[in-house]
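The two complexes that follow have subunit A in common; it is paired with subunit B in the first and with subunit C in the second.
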Partner chain A sequence: MAWNDVSALWQDIALTVLFLVPALLTGALVLRGYAPWPLVRAILWRFRGASALFVLLIAVSVGMGIGLLAQERGLRRGTAQAADKFDLVITAPGSELTAMLATVFLQPADMGLLDGATWDEIAGHDSVALAAPLAFGDSFGASAVVGTTLGFARYLADGQITGRPWQAEGEALIGALVPLEIGAEFTPAHGVGDAVDDHAHGDAHIRVVGRLGRSGTPWDRAILVPIETVWEVHGLANGHAPGTGRLGPPFDAAYFPGAPAVVVHSDALWANYALRSEFTRDRETMAFFPGAVLAQLYGVLGDVRQVMSLMALVTQALVAASVLLGLFILSRLFRRQIALLRALGAPARFVFAVVWCFGAALLLSGALLGLCAGVGTASVLARVVTARTDVLVAAPVGWTEIHFLAVFVSVTLLLSLLPAAIVLRQPVVQGLRS
Partner chain B sequence: MTGGLPVSVSGLCVTGAGGRVLLSVSSLALPPGALVGVRGPSGAGKSTLLYALAGLIAARGRVCWGDTDIMPLSAEKRARFRAGNIGMIFQDFLLFEELGAGDNAALSALFLPRAQRRELRARADARLSALGLGNHAGRSVASFSGGERQRVAIARAMASGAPVLLADEPTASLDRGTADRLTADLIGLVRGNGTTLVVVTHDARLIDRMDRVLTIADGALVSDEAAPHGLE
Partner chain C sequence: MRYPAIIALLVLPLPAIAQDHDDHLSHHGTLHAMHAWTRASARDGTTYVFVDLENHGAAPVLIHGARSDIAQTGALVGFTLENGEARWVDIPTVPVAPGRELHLEPDALAIRLGGLTQDLHRGDTFDMHLLTGIGELDLHVAVEAAGAAQHSHAGHMH
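Right after this comes the complex of A and B.
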């Protein structure tokens, strides 16, 4: 059976075992035929304070490594999930990354506008199931005020709206985390963040009529309003011929003031590719998949992740090495007992096994405790990152971390052969007389 | 009766740092089952003789226990020889405080082949009983008095049924009464088993119970005489 035919779970289990083989082999070879447990327990108990400290040190370093790795993957998944609803985005030509950050993550950016003719072409395309213009630039508190269509608001929240959808200009639907109540009124400020001008739209009053379901994206903190409202607040045409009183699409190209981005959803996957190709035009429009832009970003960061994993492993190996050095120093304290064992006729390998087991017990306890600490760290970090970025991050410890732990255990158990070997070289008579 | 081993020493020379001679014994022969005391001033080389007899120290010459000259053996083979033939007792007992008396006495079982462990444990229990600690095998030795601890150490040294017992100042850490009782028990046990006993001591009462007394001074064997029974 080829490796690729094996299920992912079994591949992960097999890899874990493979990584643990050096540790298991070392243990089997060192301990074969001996039962040093009572002595190891006795030594652990005698040096319980130092042992507990060593276990804690190892646990903290392992926990931090595991927590960070899990977190990094969680963040990657979370950001990818945030881009889920944005199959294809069409903007004026520019930076795909900037446009992606502006549309998916609502990061303020100066972007060119798409005109009415382009909008017509997109909205009227046969393959397009949903096209929604987005208008950024205003804010209320920490929330971006985004003008769009009701269709997009429903699509974003998977239809989950508490309260009611907007029915007129000057009404708003708020994201799940916006600190406003249904029925509240507010005046949007022009600009976002430091560049905000609170008084530019002084006469505009917007009333909250509904709340969208939680999406786990930065849009949970956004306030959605009819795009006509944004246009009108800025003194522009509202997308419809005067006197029609319409809200939402279709828009009249002649009265379409422009939108920085249009989100397009198509029911067929192939259609997305066709649309991207069709709307990628020099000096006119740029069409891109936010997921692909994120993937490119991850590709660049992928090397960093590998370096990070390696650094975490090296750091932990260093912590383990210093713990083993500590063990070696500690072993000077029980050199009389070690010498006694030799005087009683204990084979060198038995003495070696006792010292190695002592180190192994600390390393294994530290590693296991570190795994638990890692799960805890990852979950706390996930909460912090979720709170700070509004990207819902779940960071369960996965197989990568288990593999990482297996490598750590194997490397350190091999390393702990060293102090055991050094202890064995101490002269017996000096030990007995010390 | 397990019976003791005879020892013959010839041309034994132990040197320290810088080539200084720590101990030199040209010839010494002890019969099996002999109880031999080694006395002399501190630093004379008594313990060095004991360690040389145990094969724990690098030396020139011959130390033959029965037919086995332990000097040419590797450290590992000497350890194996000790495991089967030599029990050792130290002034400050060298017990594992965290273990019970029974576990301390049967310490060697931890590195013996599985098949021999049960037998060694049984013998360790029997020795503890013979030394009056039969009811205390499970108690941690941390709660034991000095005399009890040394009894546990004796049980440990004799648990393997070794034909030779080497003791380094076994009564030095005990008060007079305890030392006397321990001496009586120790001698009763080794005589009963026919064990060869070599004991380094300053304790005149212990010396008095020996068959032979060696005197070491300045790293040399200066006298080898039958014990002056009744001395002091």
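Right after this comes the complex of A and C.
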């Protein structure tokens, strides 16, 4: 059976075992035929203060490394999940990154507008299951006010709407984290952030009629209104011929004032690729997959990820070196007891096993405690990042971190053979006099 | 005497340019292809082939996959992002609509050649046959650098 035929879970389990093999082999060889546990337990208790300090040092170091690695992966997953509902986005030509940040993460941006003819072509395409124009530029407090269609609001929230959908202009659906109640009224401000003009739309009143389910994306802080409302508030045509009183698509191309972005969803996976090719036109339209833009971004940030991993490894190496030095110093503390053991005729290998086992106990305890600290660190960091970005970040410790820990345990257990060997080289008589 | 020499100097490279031009273009029936390329890869590995397709006919042309003597498999795949990790998923078939273009390009659609039987170095070329609903379209694939994002002639009109 080829490695690629094995399931991912079994590959991870096999890798973990593989990484632990040096530690297990070392333990088996060193402890073969001996049971030094009572003596090791006694030494641990005798020097409990120093031992606890070493365990804590290892735990903090391992925990920080694991927490940061898990957090980086959690952030990547969270941002990717935020783009899940945006299969394909069509905009006027420009920067894909800027357009992706504007549509998926609701970051303010100056973007060109797609005209009515382009809208007609997109919405009327056979392969398009859902086409939703988005109109940005207004806000209320920290929330972006986005004009769109009811179909997109339902799609975004997977149909989970508390209250009721909008039925007329001037009604709004709010994201799960918007600090407004159903029935509340507000006046949108023109602009977003520092450039906001609170009085530009003074006569516009929008009433909240429903709340969308939590999506774990920045859209949880958005206020969605019929795109006709946004157009009319800005003194533009409302997408329909006068007197029709219609809300939502189909829009009349002659009365379509323009939209900076259109989100497209297709039922068939292949259709997205075909649509992207079709609507990528020089100086006319730009079609892109937000997921692909994020992947490119991750590629650029991949170097940062490698630096983080390297920093974590260097930290572990430094801690391992400190632990080895510490083990050597600790072994000086019980040098007399070791010398007494040897004077009483204890085999050298038994004494070696006792010293190694003492070091292994500290390292394993520290590593396990570090794993718990890593889970806690990742959880705390995830909450902080989620609160600051509105991107739902979950950072559970995964196999990467388990592998990282397994390598750390194996390497340090191998290295702790050194202090054990050094202790054996010390003269017994000097040890008894110490 | 001077002018014939200048003219000769200008004309002599034309066959080579024409050959280069032909290498970048191919067609089968109404389906035209331009700038097939891939990235440098190691033997036994996998590589992704990208190409611009255009259907000049009046009926859709289905793309199913590809075959090549230098690879054991040739599947049509699409790029997707799952849990923050890039993935290529199998796409059984994609139609090229009449009068439309279809771009097989990085982070979108591609032909995945698996089980390469030789190393692919920058500057190499190899033949690949695109399996379509109207027969096989022969492509001359150029090998670019391992980290390349486009064909070295991308943007050139042929």
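Keep this in mind: the second predicted complex is superposed on the first by the 433 of 434 C-alpha atoms of A that agree within 3 Å, B and C clash if a C-alpha of one lies under 4 Å from a C-alpha of the other, contacts with A are read in each partner's own complex, and residues count from 1 in each chain.
Rule of thumb we're sticking to: a contact is a pair of C-beta atoms (placed from the backbone, for glycine too) under 8 Å apart; a residue touches a chain by one contact, two chains touch by 3 or more.
Predicted model only: the values in this text are computed from it and were never measured.
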Applying the touch criterion given at the start, work out whether A:Gln296 contacts subunit B, subunit C, both or neither, answering first, second, both or neither.
-> second
After lining up the shared chain so the two structures overlap, which partner does A:Val428 touch, if you call subunit B first and subunit C second: first, second, both or neither?
-> first
Of the two partner chains, subunit B (first) and subunit C (second), which one does A:Arg46 touch, if any: first, second, both, or neither?
-> first
Which partner does A:Gly345 contact after superposing on A: first (subunit B), second (subunit C), both, neither?
-> first
Based on the superposed arrangement, let me know which partner A:Arg276 touches: subunit B (first), subunit C (second), both, or neither?
-> second
First (subunit B), second (subunit C), both or neither touched by A:Tyr34 = first
Who does A:Arg73 touch here: subunit B (first), subunit C (second), both, or neither?
-> second
Subunit B and subunit C contact sites that coincide on subunit A, given as residue numbers | none
Per the touch rule above, subunit A residues touching subunit B in the complex are 33-36, 38-39, 41-43, 45-46, 336-337, 340-348, 350, 428-429, 432-433
Quick one: in the complex, what on subunit B touches subunit A?
-> 47, 51, 54, 56-57, 75-76, 79-84, 86-88, 90, 94, 96-99, 103, 107-111, 113-114, 117, 156, 160
Mind listing the subunit C positions that touch subunit A in their complex?
-> 78-86, 89, 91-97, 100-103, 107-109
Within the complex, which stretch of subunit A touches subunit C?
-> 73, 76-81, 83, 269-270, 272-274, 276-278, 280, 289, 291-292, 294-296, 298
